[in-house]
Each structure stands twice: as C-alpha cells, then as structure tokens.
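Note that chain A is present in both complexes that follow, paired respectively with chain B and with chain C.
Moving on, here comes the complex of A and B:
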C-alpha cells in the first residue's frame, strides 16, 4: 500500500515532501488523517500526500460510487429504487456470498444428491476469481513498469490454445509431469505473445496499447481458425462441431471442492495465490523487480542510474504476459477442458483484469481483493443469477461492464474520489471556522 | 516556411532531390508489380511482375546507398513482396481472381474505411489539442447504438445522426472532464470510457430491443447513386453511402481547419506547448474540451455507419465496433497525426479487410485466418516500417493552469 496507484501518473511539477502546515502543530503521519487540516500549499504536495493517505480510501470510495451509479441506472430503467436494491441482493446471492450464513453445507448433499446453491455459486465465483487474479496480475505487473498491457485477453487466448494443445496431446504421460508441461508451455506462450509488444516498444517505439490490441485480435482470429471447422485443433471425433478436443485426464487439475467434470473448484486457485506471492516477491524483493519499478517511476532516472530501460520493458511485458498465459492454462486445465469457437467472442477476462489491477492499485493484496469483488460480480450477474430475479441475467451482465467502466474511470482520477471522501470533514471544518478556512479544490 | 507561391514555382525538383523520392517510387512500383497480375490488367505471364518488382528493389537499394535506409529497405521489401504476390496470383485460377478482385472491391474498401475515417479525424482533433483519446472505440459504440435508436424512434436517419452525435459528444464530455479538469491518466480514463460505453449500450440494447440483432424497418442512411452499376466506375464509386462521401469532405475540412486557420493554429499550440499557448491568451481548457467533444461526435458519426449504414440494415450486436476505434487510433499514429496520412491508413485497413473477406474463395476453412490480415498490417504499420512518427509534444500530458 506504500506505492502510488497507476505509475503513469499525471506529470506533476516537482514534488516537495508534504510538509505540515505551519500553525497546525506537528502531524508526523499524514496517513492517519487525510484532509485533517495538514494541507501543504502546492497542489502537487497535496496530491502526493493524498496518494499515500488514500491507499485504501480511494478503492473503497471508487467501488461505492460505481455501485451507486450502477444502481441509479437500474433504478431509472426499472422505475423503482426498491428493485435496484433487490437486484443487488440477487447478485449477492447469485455470487454465492450468502454461503457465509450457512457455511457448513457441502456442494453436493450426499443423501439427496441435490446441489446446494450457495456453496455451488461460491465455488463458481472462486473459479472466476482465480482467472481474474492472474489476468489482474498481468496488467498490474506491466503497470508497475509504466506499461499498459491491454493485451491480457490475447495472451489469455494464447494460453488457452497452447494448454489445450499440450493437454490433448501426450495423453500417455502421467499426471504431474503432464500438468506441469501444459502449464509451463502456456505460460511461456503468453510471455512470448506479450513479448512481441515489448520488443516492438523497446526497439521501434511502437505504443504498447496499440500493438497489444492488434495482438488481441490476431490471437482471437487464430484461435477462431484453430478450433473452427477444419482447423488443426478442432474436435477429431465430431468434424462439424467447431469446438476443441477435451483435455486428457492426465492434464486436468485435481478438484477439491465439488465434483470433477462438473466445474468443481480446482487447485488452480492455489496456483493463482502462488502467483500473487510470486508477484510480490518478484517486485519487492528482487533486483529485477527493483529495476522494473525504477523504469516505471522514471525511465530517464533509471537509465541514468545504469538500468537498461529497453531490457526491462521487454522483461516486464514478458512477465506480464506470462501471468495472462498462466490464467489461460489454469482455466483450460482446471474446469473448461475444451474451448468452442464461440467462446472467444464472449470471453472478457483479460479486459476485466484491467479493472482488477487498477482497483487493486497494482498491489498483490489489492489485486486479490478486487479479483474477489469482480469474480463475484461476474458470476453473480450471469450464470449465478436466478432467472426469477428482478433483473434478468442478460441485463445484469451489462451492469458488470458499467461498474467496471466507472471503476477504471475513477481509478485514474484519485483527486475526485478523495475530494468526495473528504467532503464531510471539509464541511464540518468549514462550519467550525467559517471565515478563515479556504476550501480545497480538486483541480 | 515556404509559401504556396514558392512551391508552385519550383514544384518537384526539391522533392526529387530528396533520396526519399526514389524510395517512395520503389514502394509504389512494388505494389504495382503485384497489381499487374490481378484484374483488370491480369497479366498471366509472370515476367512482368518480376521485372517491375526487380526495378522496385533496385530503386530501394539505390535509396539505401543515398542514406535513407528505412525507406530504401521498405522499397526492397515491397519489390520482393510484389514479385511473390504476382507469382501467387498467376498460379491461381482466373475465375477465383476475378471473384476476388473486381470493381466492388473498391466500393467495399471505401465502405469499411468510412467509420475509420470519421473516428480517425476525431482522433486527430483530440490528439492535436493534446488529449490522447483511447475512448474513440466507446464513442463509436455509443454512436452505433443511439444512432440506431434515434433513427428507429425518430423515423428518419437524420434524427439518428443527431442522436448519435449527441450520445458520442456526451460520453466525450465525461471523458474530457476526467482527462482535462481532473487530470486523470488519459490512457486509463479512455479505457474506462470504453468499458462504460460497452456496458451502457449493452444494457440499453437488452432493455430497449431485448437483444434482437436486426431491427426491421429502421430508416437507413441512403446511398448516392449516380452512375449505372454496369461498368467499372459505376460499380466502384457509383453507389457509395452519403457518409462515405462526407468522410472525403471531412478529411479536406480537417486539413483546412487544422493547418490553414487561426483556430487550427491554436489547437496545435495547445498540443505542442500548452503553457506557451496559455501565456499568449489561448484558453487551453476550452480548446481541449472542444476538440475532445468534437472527436466524440465524429467517432459517433463513424459508429452509426455500422448500425444503419448501407450494409448494416439496422443491425446492432454487443460490442459491434470490435476494435475499430483502436484501428482508427492506429491510423492516426500511422498517418503521423495528419488528415491525409490517417485517411491513407484507413483506406489500407479497409482494403485489407475487404480483401480478407474475398480471399475466402480460396479456402473457406482458413477464412478466419484471412481476417488477421488487417490487424497484422496495422501492427506492422505501427511498428514503423514506413518511418518514425512524431506525436504532438504535449499529447497525453494533462495541463495544470497556473
């Protein structure tokens, strides 16, 4: 939480340290009280202080604003505030979060053989969370190097394709090596796919946003061709169905909650948690991470300090793509097992990763929490949502995008969020000493 | 700064002295080598393509020897590529060739390029004033959906245009507030705007049209029919949409406004050095707001072509733009932030997209693979085969008023 959010911050004028305002008494910890009256003069200093002070405040307020505005849309179109609240309750239940009220139930009742919805929904939410942690890490890692990897979707597709290919082939291998082989191959493929954008950025200066978007579409259509009719990896038993073969049993990740083959929760979530730890160690405890962060903070200063900016751009993009490729592998080997041509058009997990990373302020812990939120939102508004609820799943799934868009929009505008966050205190203060105080301005 | 009069007196000699001229000639000849083997010329003897391609390559080598390495090697590559494509074309059957390359290919290319040209001109205005607009995609999407809704409810396509422009402008206004006043990171803010547009259009599409992809009876944007469709020009440009013709005019208008008027000078000043512009009394925020909102309006007018344009028949589906806004953005960069360059890039994308659809006659199985062509070309173009591009100096940098 000590780092500021997305590195490509608006270029501020030189940032003086946030000195306490004279006459207010010593306030050594700005983090303890954002906007408590210690406001240094320049905008940049105030902004800098709020960046650190708002470590948790900004994401929370961002989420609240986004959910509130999403609720306004629902209330306006359904002509009822009550229905909007009910819709959020249905989404909460759809995500299986009501499981906490009866946590002892298993997914499948051994006597009645009926699935318990809350536990089943929660397991599905956690499956989505697993993917989002990894695609979120992909975006976050690039952000820490000052790069915007918008190509998580394409790198995820490449991971899906390679994991399927390796998982379907080599069916005679034993389980552990087969899984490791498929996961490593998909991860490397994702790294290579993102590495293309990194190399282009480092050598000829092609902007990574444009090149990764183009790589997304190239991966999309290549996948469309590979799994489509007559494609090289299309189903070998049913030649007219545009879907891939199923991954061999030896390459399927073991399921520990729910049933294998019925989208039970697999050990992929531990792989994702391991990736989170790797992300933290890599960034904060290794030379590589130090160099990557230095390039992200200020490429010129990093170059002056003897750090190769080009090398680190390529490295950061490749590692970023590795996370997204791993996400594809974990999905394919964990619960999908096969991929249809039509699935390419519906998958948005790579793009959701952007919202996850930005809301999580590109930190490991933040990514975990926001992946949980978006995983719940993603499943709770689609398959988990009861069709008898006040808001239809087709409608609610779009609500996810509205909330996601607002989150990303506000994540880039900390100033506004903090302005809202501090509004009550500012109001109180102004009432206390009305004539002398000057209200702070967002811009 | 040479005046127009001076340029007219000495029109070509200074350009010819530049070694880049031979490079560009080589690139042109390389393209011509491939063009020889396809209709309407359709030379079936391979020698013509090889000869012209070799001339292109020699011109390229000459350019390299005169110091313009990048363009020279580009000409060499174009020459060799022209020979390769020419050989491929002479090997394929005449029937397939005629099916893939006919006059309607031109019409289709222009049709695909039309929304891109609108969005790209919007992007040029926005970026020339110093605001990167990744949100073009979302603004196109707003135009596509709300234009359809406006035309449907208003009963005429003109209402559709107005509603689309209003929706795109409104979203752009939101983005402008975040990018200019709140000084949010523009790439992140633009991405947020894209998601927001995706959610809003998707939500209201379900709410208002219940996910039905085609709305029958929606008034469409009319075509301009002025030549009979039988001969070459009739098929190529005789039945283009009003919007396509408007896009040609827009390119010229953008050029005149940006480079021949005081307002254009102010816009470019805000994009190059906002502080200096502020010092001489230009309201940087007002200019930037105006340009971003204009870019949203133009992008939305491009987007409406996808929903009630001539080929669209009142179609809307979730995420109908499918990355076209980003292609337009790439066209802006490829075109070096100039209207003519961006127009050429949009045409290149339009041509490769239209060609990709036609190449299906060769292999229906690989048809999805051909769709990759425009994206690969854009990637190659952005990677800078033609030459390094130079963005406005303050592009993407928020400006804080003093």
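Moving on, here comes the complex of A and C:
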C-alpha cells in the first residue's frame, strides 16, 4: 500500500464515548443455495461453492474470530486485556468510524484551522475502500468464472503506469475527456494484462495462478524500470529521483471532501460504486454473466449448453483485469498523481483484493462491505494506534496484518468455521439421540 | 416347524431412524434365515440403504433392536459389524487397483511372518483355497486393475468372506454387470447359500429379485410394506407394493411409422482423450418417428459416439448429418441450433448446473435467444414464467423455478433435463442412459415420454447399458462392440442373443 501522505498534524480530539466493536461484518447476499453433490471442475469453483454455501453467518463469525485472535495477541504481548479493548477503540476511531457520532462535512475548520479528525480519518478510510472495492471485484469476477486471479497486483500496476502516462501526456486536453481517456486506457491495459493469462489458460492450459503471479513480477519490474532513473516515464525535472511526473490538473479526479492536492476524497469512490453496480448487472442480468456463472460452476455443463468455455475464460480474465486496472487509474488520478520506483515494493492492494473477495464471497454487496472493513482496518490500525499510548507502534502496524491474515485464514478455512459454528448444535443432537443403551455388547 | 425359528440368524425389530426432516426408517422389521437370499426391494429413498447402514454399524438407530443369532447387539462401527460376521459389498468397489487380488483380500488382516512381514505365500494359499471352495475363478496373483468389473466384485465378496462373514450385504450388485456377468454372480451366490451363508440382496430390479431371492421384503417411504416368499410373487405385485399404485411395466407402444431420415452417420471415426480410437467406422441412420437403441457394454464407444454427434468432441473422419445439414465439424452450439436434443448420460456432471436454479437450468441452451434474452440482456422473469409452465407439464416435483437443481431428487433432475431438451422441439433426440439410477415411477414416466416424442415425429437415438430398456423401447437395435456395429435387429430378439453380441460373440456373423 502506498502510504497516504502525512496527515495534517491533528489536535488531540476529545475522547469520544466508548465505541462499539468495529467491523459489523459484511452481509453478503444470502447464498443462492447450497451446492450439492457433484464436484465442479476447478479448485476455484469448488471454493466458490463452499464459500456461498455457508450463508451470512460465516463471514461474520470469521471476522469476529479474527478480531478475537488479534485481541489475544495484544492481550498476551501487553499483559493486559484492557489494552486489547483500548486498541480496538483506537482502531475504530483511527478509521474515522466515530464520525457517526460527530457527523460533519468539514475537514479543515476555516476559522480555527484545526482538522476535524473523524472526518479526516473517514475520508482516508474511504479512499482505501475505493481501491479495495475495485481490486476485490477483480478477484471476485474471476472467481465467479472458476478462475483464481492472483494477478490483481500486476494489473493494478499496469493501470497505475498507463494512467500516469496518459495523465501526464495530453496536458492540453480539457478535464472531462482527459480523465475519461486516462481511465479507459488504464482499464483496457489491465484487461489486456490479465487477458494474457486468460489466453494462456484457454490455449495451452497454463494455470492462471502461475501465470498471473509471473505477470505480477513482469509488471513490477516494468514499472521499476519505467519510473526509474533514465526510464521513459521518469520525471523531467530531477534526473536523479526515480519518480514519475505528476499527472496534469486536467486528468486529476475532482475532490469533493477535503482539499484537492491534499489527499481529499475524490470522485473515484463513485467510480468504484459504479463498478460494483456494473459487476452485479453484468453477472445477473446479461447473457455474458450467465455464461460466466455457468462456466464457473460447471464447465462441462456449460460446454454441453453450447457455451464456449475457452472464450469465457479469456473474457472473464480480461474483465477481471479491467477492474484492477481501473483501481490503478482511480488511485493515480484520484490522489497519488505520481508514483515512485519504491512505491511498487510497498503496494499490497492487489493481494488485499483477494482477502476482500474471499470475505465478501464474491458478491457485489459482500465486496462492498468487506472493502469497507479492510479499508477501515488498514487506515485505522496505522493511524489510530501509532500514538504509542496504548501499545507499541511496532505492534500497532503489524496488528493490521495479523488481523487481515487471520481473516484470510478463516475465510479460507470456511469449512472449519462452519464446523465450529455448528458444534454446539451437533453436540446437543448427539446427546438427545444417544440410544438408551440396553443392548449388551456382541460376543 | 421349530427349525425355522432356530434358523433366524438376524432380526431387526422396529428400527427407526430419523434425519432432520425425514423419517428414513419407521418401525422397520426385517429378518434373515441361515442360508437364504433375502431381497430388500424399494425405490430410491425408500430406506434400504439406511437400514443396511444401521446393520453395518454406520448409523445408530433411534429406536428398535438388532438380534444376531438371538442375542441383542449394538454396533458402533463397521469394524464391530465385521467382527460379528456381517460383510458388505458396496456399489462402488473399495479396492486398490495396483495390488493383486490376494493382497486386496487380506488387506487389513494380513497374515504375518516373524511379526512384521507380510506372509505372501500364506495369503495366496488362503485366497486360492477360498476361490476354489466357492468357485470364484479369480487368479489370486492378478492385479485388480487388470481384471474385469465382474471379477472385481468377486474380490469384494472374497474380502468379506475372508473376514468370516456369514451374512453378506450386496448393494445393487448387478448395476455394474452385463447380463452374463450377472448370471455368473447368481451362480456364486447360490454356492455361498449352500455353504450356509445368508445374503441380503438390495435391488430395485424386479426380474433379478424374482430370479435369485428366497424371500422379498418391500420397503416404501421408510416402512416395511410386506415380506413375501418368492413363490407367488410376480413383477406386477412387487411393483405395486414398491410404488403404491399400479405400474405399467411394459412400455405400451404402437409399431413405429418411420418417416424421413433425420440423423445420418457415415463412416464415423472418433478418438478419446487418450487418443485411442473408440468409434471405428460407424454408419447408421435414424428416421423420424422411430427409436433406435444402441446396446453395448460400457466403454465400447458409446460416450465418444454421443459426444461426436452433439459437437462436444472432434470427429476424426466421417460425416454427421442432422435433418439434411452436415454438421461433421460443427460446434455444440451449431448442433443445438440444427435441432439436436441431448439427454446426457451424466445429468449431474453435464446435464445440469446444480447450483443454478431450475429456471436457469431450463435456459441452458437458449439463454441468449429471444424470449430469454435480447441484445445480451437476460429477462429472468420470462425464464421463470416458462419454467413454471414446464415444471407443471413435466411434473417436476420438489421445488419451484428458484430452487437450485442440486436440491432435486435424481428422478426430478432427469425430468428437468428432459423438459429442457424436449421443449426445444428437437428433430433428433439423443437419450443416453435416460433412466440410470431412477426409480420405477420415474422410469415409467420417462419411457412413456420417449414413446410420445417418437410418435410426435422425432428421431430418437437411445443409448443404454440396460438391455431391458433397449429391448422394451427400441424399434430397431444396434449392438456396439469395440466401436463397431456388430449386430442389427428389428423384430423380436432374445436378450441372450444380444448379450452374446455385446461381448463380441456375434462378431463372426456380423463380419
């Protein structure tokens, strides 16, 4: 994750009332029904099926367990249960979720020049959420076609590079066309990048997990070179600083909450919400979506139905990559404006997209909610806990990854969560059903 | 006759087993005498498997008792049941293909030498002894992967006998066998019977139950309907007991009135995934208004033939023509559009997307055509509306348009597939194993429907491993052996004659 620029040094805001537990847990669509019987062809398809079989309870339980375990880590290292609770309160506030108690549209008070902290924090959380929605959709769409797109990160990089290139060039264009051009170009570039993996899978059967991982590294090093010293997109003023130029003002997305140029919340979030709606409509209201879902659930039946499986693999990968490329465009044009060589190594959004999709169960609504959760965690832990007042800052920054790791782990171990979830009921049933043991043992 | 009571080796009294929402067994009573073959007859879901799983220690009954040789017993695992002398041969064999027959038989209770080494000689000797006693005709040194299905089944039986089973449960043992192999199996069962071994024979095929059983217990919806001796029982009385109403066992049909040729296959060659030529120069045609049956043992090219005709597999050489349009190298889409209907042999793997709703499954071929869709947009309401009509027309029970297909029973899943294929008004309808795994009621429905569609003027190609089905439905029969047609019959023909050809015996005459 590219670190958002330094926040305006805030005044310590008065302590808000004790906050409720963060993370209400995403509420995805009720599962379309239990998958029964047969084994669909791919790992991803089986996984998707299991994911959707558990209903709404499982993701919530998953998140709660992850939070609990994270709390155990804090309690154990700090020798204090109280501190674990305080840490979660700080994360909650740090993510700006306490904004609901102080709703206001101002971030910087014009008279006192003080930052209204909850508003600022919330705007930053939503900035993270925007990216995660898009990279989450990238993974989710591929999953629905039975494909595991691990290449969101590379497709995001390609989007970043192309958006920067188009945004820096054509500086004489007027705003709207320039933005549209940059966004479309980056989206198509992401689609093409992922499409390579799709073509490889459809033609020679190369597994998309392997090829997308390799494409990630290719994108990584291409970016490293392109923005590096002497690279074609390195900035034109300081020849020894490996960073790109800033995108032209005409290509910057308008900011509607906070200040333009100071990492305010830009209209990218509406682009992301639009992408969510597109995702839903595409899957549920078009023949393309019907084909994607049929191929994802059961490629044999899809082929029997007259659907070309190969065509759909390529197309689904391309659409998946388009979402990730769009994520790169929205970040670049929304608040980054430039990208340094070193930023490539820190960016994690593509991989976080996997966690978002897993927890959101590859549905539109689920992705929205889990992107919100991860966005809040990401910003809340880094900016809520780093005061050092509750726990050491070193643990604070790692706590994000501990909790996210646990969520991914439990989202992956869905079956285990289901098992634990059902354990009390199963135990009761067994007790009730245990036969009154009158029969003597066989000789 | 006091001896009879003494001879009861097993009694299950008032067994009850409930699963969430279903009473699988409701006060079921069942007993077995020494050395008898007792058939357990019932439709799918009647509770046969539950009852046997209780006996085999896999489930615990909620109520009721089990008496073995007059003593009450309670098994908590299959191991307990085996130790008490109960053996079970499942429908799907549990053998290790790369090991020999003898090794498979002794697996888990191997004779050992010096504590840790497998005493292969002793194992071989014991297995050979047993094979001789019961006339199994199996080579103990052969690898399991090299022997046929019928022989593999014998290995399973030997496994049970090796563990001193005196009650043997056979779960649908003939489902995987050719008629000849079934006859051989019955010979073996009679030998076992003479040695005093009791056999519980689970089946839903009436003729073979009447052939082999001494007594027959019929289950219906978890209840014992009756236990009758074979003498006096007929297919009609048993079917009525099973289904609970009169069942038309023979398919009633008028003689065919064949019209124009709708499907022509000429010198067709097809290879399988391993590049082995499975269809070797087939030529035949099917006319409007006739049912052509393809008989053959599984694996003789049926699957590849069907896949080639429906555009799901590339053709090596030869031509396929549907209603005058040549479709030799056409896609599945083109075959569908040319008027091909296809009830596939594996409805769960290929015929349905189990996670899709009934309505979505009904749209599997025409999801992109009006009225289901236009310019890439789908109209779910129209699909649901059509689904409602088809559900009632084809009597699909167990759900509405939004129910996932995976939630339906096998019979209703098959009706769903048939509804989709027939409602597309195909010129040619390929029905592959249309009644596999279905119960008597569903079979009756599908058979009648196929005859109706024939009379509507469709050309129907029936591919089935069930010889009964081929014989009762087909107007013309082609026998397939190793990818070639080795026999063609139009009039009356006996089961034996076709059975012989299925095993390649008819090759001489056909050549």
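Note that the second predicted complex is superposed on the first by the 357 of 443 C-alpha atoms of A that agree within 3 Å, B and C clash if a C-alpha of one lies under 4 Å from a C-alpha of the other, contacts with A are read in each partner's own complex, and residues count from 1 in each chain.
Methods note: a residue touches a chain if its C-beta (ideal position, glycine included) is under 8 Å from a C-beta of that chain, and two chains touch if they have at least 3 such contacts.
Not measured: the values here are computed from a predicted model.
In the superposition on chain A, contact is made by A:286 with chain C only, not with chain B. After overlaying the two complexes on the shared chain, residue contacts for A:305 are found with chain C alone; chain B is out of touch.
Look at A:274: by the touch rule set out above, it reaches neither chain B nor chain C. By the touch criterion defined above, A:224 reaches chain B but does not reach chain C. When the two structures are aligned on the shared chain, A:177 is found in touch with neither chain B nor chain C. Contact with chain C, but none with chain B, is seen for A:297 once the two complexes are overlaid on the shared chain. Among chain B and chain C, the chain that touches a larger number of residues in chain A is B. After overlaying the two complexes on the shared chain, residue contacts for A:403 are found with chain B alone; chain C is out of touch.
The residues of chain A shared by its contacts with chain B and with chain C are 442-443.
Of all the residues in chain C, the ones that touch chain A in their complex are 60-63, 65-66, 68, 71-75, 80, 83-84, 310, 312, 331-333, 336, 342, 344, 348-357, 360, 363-365, 367-368, 373, 376-378, 380, 403-404, 406-407. Interface of chain B with chain A (complex): residues 134, 174, 178, 181-185, 187-189, 191-200, 202-207, 211, 323, 326, 329-330, 333, 364-366, 368-369, 371-372, 375-376, 378-379, 382-384, 388, 397-398, 400.
The touching residues of chain A, counted against chain B in their complex, run 6, 8-11, 13, 43, 73, 77, 148, 150, 200, 204-207, 209-211, 213-218, 221-222, 224-225, 228-231, 351, 354-355, 358, 392, 394-395, 397-413, 415-416, 442-443. Contact residues on chain A toward chain C in their complex (touch as defined above): 32-38, 49, 52, 284-291, 293-294, 297-298, 300-306, 308, 433-435, 437-443.
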